[in-house]
Amino acid sequence: MQVTGTVLTTRRVDAYHALTVVAPGIAERHRPGHFVSVAVGGAHTSMVTRRALTVHDVKADYGGTVELVFTVRGPGTAWLAERRARDTLDLVGPLGRPFPLPRDPVHCVLVGSEYGSAVLFPLADKLLERGCRVDFVLGAAGADRVFGAMRARRMAETTTLTTEDGSLGLRGRVTDALPSVIADTRADAVYACGPMESLRAVTAVAMEFDIPVQVAVEESMACGIGVCMTCVLPVIGDDGATRMVRACAEGPVFRGERVRFEDVGTIPFDALGAPGGGARHAG
Amino acid sequence: MPVDMRTFLAHVELANPVCTAAGCAASGRELAQFFDLHRLGALTTRSVTMAPRAGRPTPRMAETPSGMLNAVGLQGPGIDVFLERELPWLAQRGIKTIVSIGGGSVAEYSELARRLADAPGVTALEVNLSCPNMEDRGRVFAREGGSAAEVIASVRSIMRYDVPVVAKLAPDVADIVAVARACVDAGADALTMINNPLGMAIDTETLRPSLAAVTGGLSGPAILPLAVRCVWQVHAALPGVPLVGVGGVMTGKDAFQLILAGACAVGVGTALFHDPYACLRIERELEELLQARGFQRLADAVGLAHRPPGSAARHLLVDTEESTS
Amino acid sequence: MPVDMRTFLAHVELANPVCTAAGCAASGRELAQFFDLHRLGALTTRSVTMAPRAGRPTPRMAETPSGMLNAVGLQGPGIDVFLERELPWLAQRGIKTIVSIGGGSVAEYSELARRLADAPGVTALEVNLSCPNMEDRGRVFAREGGSAAEVIASVRSIMRYDVPVVAKLAPDVADIVAVARACVDAGADALTMINNPLGMAIDTETLRPSLAAVTGGLSGPAILPLAVRCVWQVHAALPGVPLVGVGGVMTGKDAFQLILAGACAVGVGTALFHDPYACLRIERELEELLQARGFQRLADAVGLAHRPPGSAARHLLVDTEESTS
Amino acid sequence: MQVTGTVLTTRRVDAYHALTVVAPGIAERHRPGHFVSVAVGGAHTSMVTRRALTVHDVKADYGGTVELVFTVRGPGTAWLAERRARDTLDLVGPLGRPFPLPRDPVHCVLVGSEYGSAVLFPLADKLLERGCRVDFVLGAAGADRVFGAMRARRMAETTTLTTEDGSLGLRGRVTDALPSVIADTRADAVYACGPMESLRAVTAVAMEFDIPVQVAVEESMACGIGVCMTCVLPVIGDDGATRMVRACAEGPVFRGERVRFEDVGTIPFDALGAPGGGARHAG
């Protein structure tokens, strides 16, 4: 659904900007892993595409609010960073396929890199509600880009932080810390969000431990609602065939081992409908 | 008084002139989550191909000033799956459906037409001529009247007579009227204009093309002036041919420009990416504009900007006559 | 370290690559009120015609999304007044001047070249091929390789050998490379791309075309992706030919895109209407971008986006070599 | 020159919006009749052309301010109307040829229609400084569109107001009142600003009285600095020849009798360089 929300509060969180937006319809229907798309630039802007942002937090205040956490990358996020309380924001959501939740109270490790951590907090809430044990591994390039460490510490059994420059927690990447966290917590499942490279590595670790891993991927998106076909990546289906599927409609959450991370940005020769080969398998 | 928004695409009546543009509404199901598809003038499918196609590698999209580039590469499930799953879903619901087809040779277009000839639920067949002709060094059909006409003649001869064949043209030509005329002479019942002109962006960080496919189709408001011009020129030259105006339509006013230039229907593409409800909003805005200007029928506005300057507008004359009678 | 911004348009050296686009800097005096014209790579004049021209009626301008339409109709004082007053003013000040010419026949272009052949102060001659050919039912020269080549061959044979002849092409063609090749084969020393594609807007209040001339040239950021694509395609096909990239350049980043696509100089048009200092700002921004990416010379960036993906950037290799020596 | 000015105050004046902008360089060099061009839409806007606005008032505060008075016509002026104090505005100016001032302390009638009145007040100031007598005739469609009546009354010997709907002053147009004002004040000169049709009529009246008239015209402008050639109108030169001259560079102020008002929007057949005829007279 489309909502013209009002910005309630804006704040800086280290390297990130956070906007809380009153958007009742979206808040109500939101499940962890969903994202929204935001129109940027205002009236008569030259920016025609929306920006996809995951929802960090959902609250019941004012009929329902969502909090977006983002980093300034280009002109659209720069515009968002300039929003002030009482400005309006045009949101479409909730979009995408949310994180599947375990039926049983299992042990879950939640792995977030950079702003990818944001989407894990509503997930952790839900997991805790179901009696799961939650442990966090959060990482980034430097201390100011590790998102949500405090909140994670409050929620989780353990929280492990990593930074590439060593400015906070362990020096290294989330995947350097992940194996021991999985081992120590006897984790049953991993949830991860962050850059593709990080998701690839997290998936490899989880597969080594032979536990399921759900990843929320990020692909450049023009529509977010499944109609433009620009956000595809190669994913292996239940039938074993690789298809170019939409991150916005079939994702953003996928089972990690199904995503062909090494082939993201290509059309694998054996994908359904690939030039030359794949087409023949089809029909 | 509400405006009579009905329009005719050749002999097929549409309840209103606002359709989705080819390739911008996926299978239809995606938009159906947002609104009732019956409220569209028609839904145009993505360009269906013979074989399933995985399309182009990513990145497939780059934003440009008031526009975007796309290089999707006609990703789709192929005609078999289309006939099995996508078309029936639309047909069962009675959604007016313009089926778009794309091919690499006259034979492929013809085969697609054959497969669609007896399929229920094809309101019209749109022939996407912006595909590379594999038999002519990859030259796009739409760039050359001769090969475009060959495709249209063959498709027209195959399709049932009561299904209009619509040729979709691209603006990357020296003379759009010549290509339009060739298609009409070959049997096209209507024309859709415009497909994306070819554009490109370079990422100044990686120092490489922004799109994996290097070049891509430009869409969005940036190209509206090109679409208005193409519709204007072709309507001036071939006033009897129904035209579907496509390109950069974001508002009712944009649609109105295309209609005044000579389009009897409009297609909405990129706007859907920004606003899933775009077609409904555009239809409403268009109706309001027509109403505010005293139009009783959409049909009276089609091509109206061609009338000689100073001559009275027909739609207002009608008003006067009625009020004096 | 400052970047070496010098560039060569054929054998003519320009101090920097940022020029004004034809027809967008009037006589030069207007911009001189704002800054020292010596800071331009070159000033391109409006397209000079044989006779004085009053141009088209107003309205001559309509704003469009990220662009504008213009139908000025080459208003200008004609070659006599140009040679008497406009060119000498520039020449006396030593301002690098690309003289643009426009004609309605091969004979007219040739006569213009003859008049300019011995005029002091002509850095290069740009041949605006987007003029209607009066001997071919008003078909624009740039739309057809043959007539474009005829003009270029004649002008080239007349101009002094040391004055580069630059053919200016329009994007409204099916195959820009074919037209470019025809011009180069006919003797063009360089190419400028792109002139305005033809567009149109309709005023939804008056229900008439917004421009008195009905159609007009589209310029501004909207067309940048078309310009980048044309420069890319032509540089790929004719890598040795110097290209001036024009179309929608508003920032140094836009200019950088054209340079990475293969342009060795850029022209700035519509941006001047918004910001009289645009050329200086763009030049500064471009230099900063080059510097930030480790370029020592602008020339190393020309066409760089064509290198195979993954291959090391030459300009950085040079860096390494120097630091290890 | 180009100035990034800061909006000092915004106010509504009947049907109009007024913005006071701190723009020292422009204020200092401003002469009555000059205009400025304003960039609209902010960063990443789709509006590429500036908007031309005359300067209503110049003050020395804050190093120099200019006041712009405008009516909302399309998206650019709508954006301007949303500006608030402390916003910045990108101005280029002063532009154009200002009103020529009489050497002697003559009697002047200043005729303004709609927002065209705005430009007359700095002119009146200068005329009064030189000891001229100033009388105003201000008109518009309705009372809320007559600009500056109060200020005019304070400055001028007499102020005559006209509205087409009779809601203020005399019912009719400025030119209905003008002849008697000229006669009564024994005017030596007329200055006028307003829509083309009004300027045409004012010029006709002044010519009847055989007194000079200076008009400030309004033509659609893309650049305002003389480089785009979109703002032309047919004006008769000292040599008797008609040329298509630029409203922004040769104008916006012209001697009324030199402007071929009936031919605005056309290329008169006898204009220098007109298709067919005019070209032959040239060179």
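Per-chain residue numbering starts at 1, and chain names A, B, C and D are given in the order in which the chains are listed.
In the analysis below, a contact is a pair of C-beta atoms (placed from the backbone, for glycine too) under 8 Å apart; a residue touches a chain by one contact, two chains touch by 3 or more.
Since the structure is predicted, the reported quantities are computational estimates derived from the model, not experimental observations.
S.K.: Tally the contacting C-beta pairs at the A-C interface and at the A-B interface, and name the larger one.
M.R.: More C-beta contacts join the chains of A-B.
S.K.: How many angstrom lie between the CA centroids of chain B and chain C, rounded to a whole number?
M.R.: 34
S.K.: Just give me the whole-number Å value for how far the CA centre of chain A lies from that of chain D.
M.R.: From the centre of chain A to the centre of chain D is 57 Å.
S.K.: Return the distance between the CA-based centres of chain A and chain C, expressed in whole Å.
M.R.: Taking the mean C-alpha position of each chain, the two centres sit 46 Å apart.
S.K.: Once you find the CA centre of chain A and the CA centre of chain B, what distance in Å lies between them?
M.R.: Whole-Å distance between the two chain centres: 35.
S.K.: Which chain B residues sit where two or more other chains touch them?
M.R.: 65-67, 220-221 - these are the residues of chain B that touch more than one other chain.
S.K.: Would you give the residues of chain D that are in contact with at least 2 other chains, written as numbers and ranges?
M.R.: 46-47
S.K.: Tell me the shape of the graph of touching chains, choosing from line, ring, star, complete and other.
M.R.: complete
S.K.: Quick check: in the complex, which residue numbers of chain B touch chain D?
M.R.: Against chain D, the touching part of chain B is residues 65-66, 221.
S.K.: State the interface residues of chain C toward chain D in the complex, per the touch definition above.
M.R.: 23-26, 30-31, 33-34, 46, 51-61, 63, 65-68, 70, 72, 75-78, 80-81, 212, 220-221, 250, 270, 272-277
S.K.: If you look only at chain C, which of its residues touch chain B in the complex?
M.R.: Against chain B, the touching part of chain C is residues 64-67, 69, 140, 143-144, 171-175, 197-202, 204, 207-209, 214-215, 218, 220-226, 228-229, 232-233, 248, 253, 256-257, 260-261, 289, 293, 301, 304-305, 309, 313.
S.K.: Using the touch rule from the top, collect the residues of chain D that touch chain A in their complex.
M.R.: Going through chain D, the ones touching chain A are 41-47, 75, 79.
S.K.: Spell out the residues on chain D that touch chain B in their complex, using ranges where they run on.
M.R.: Its residues touching chain B are 46.
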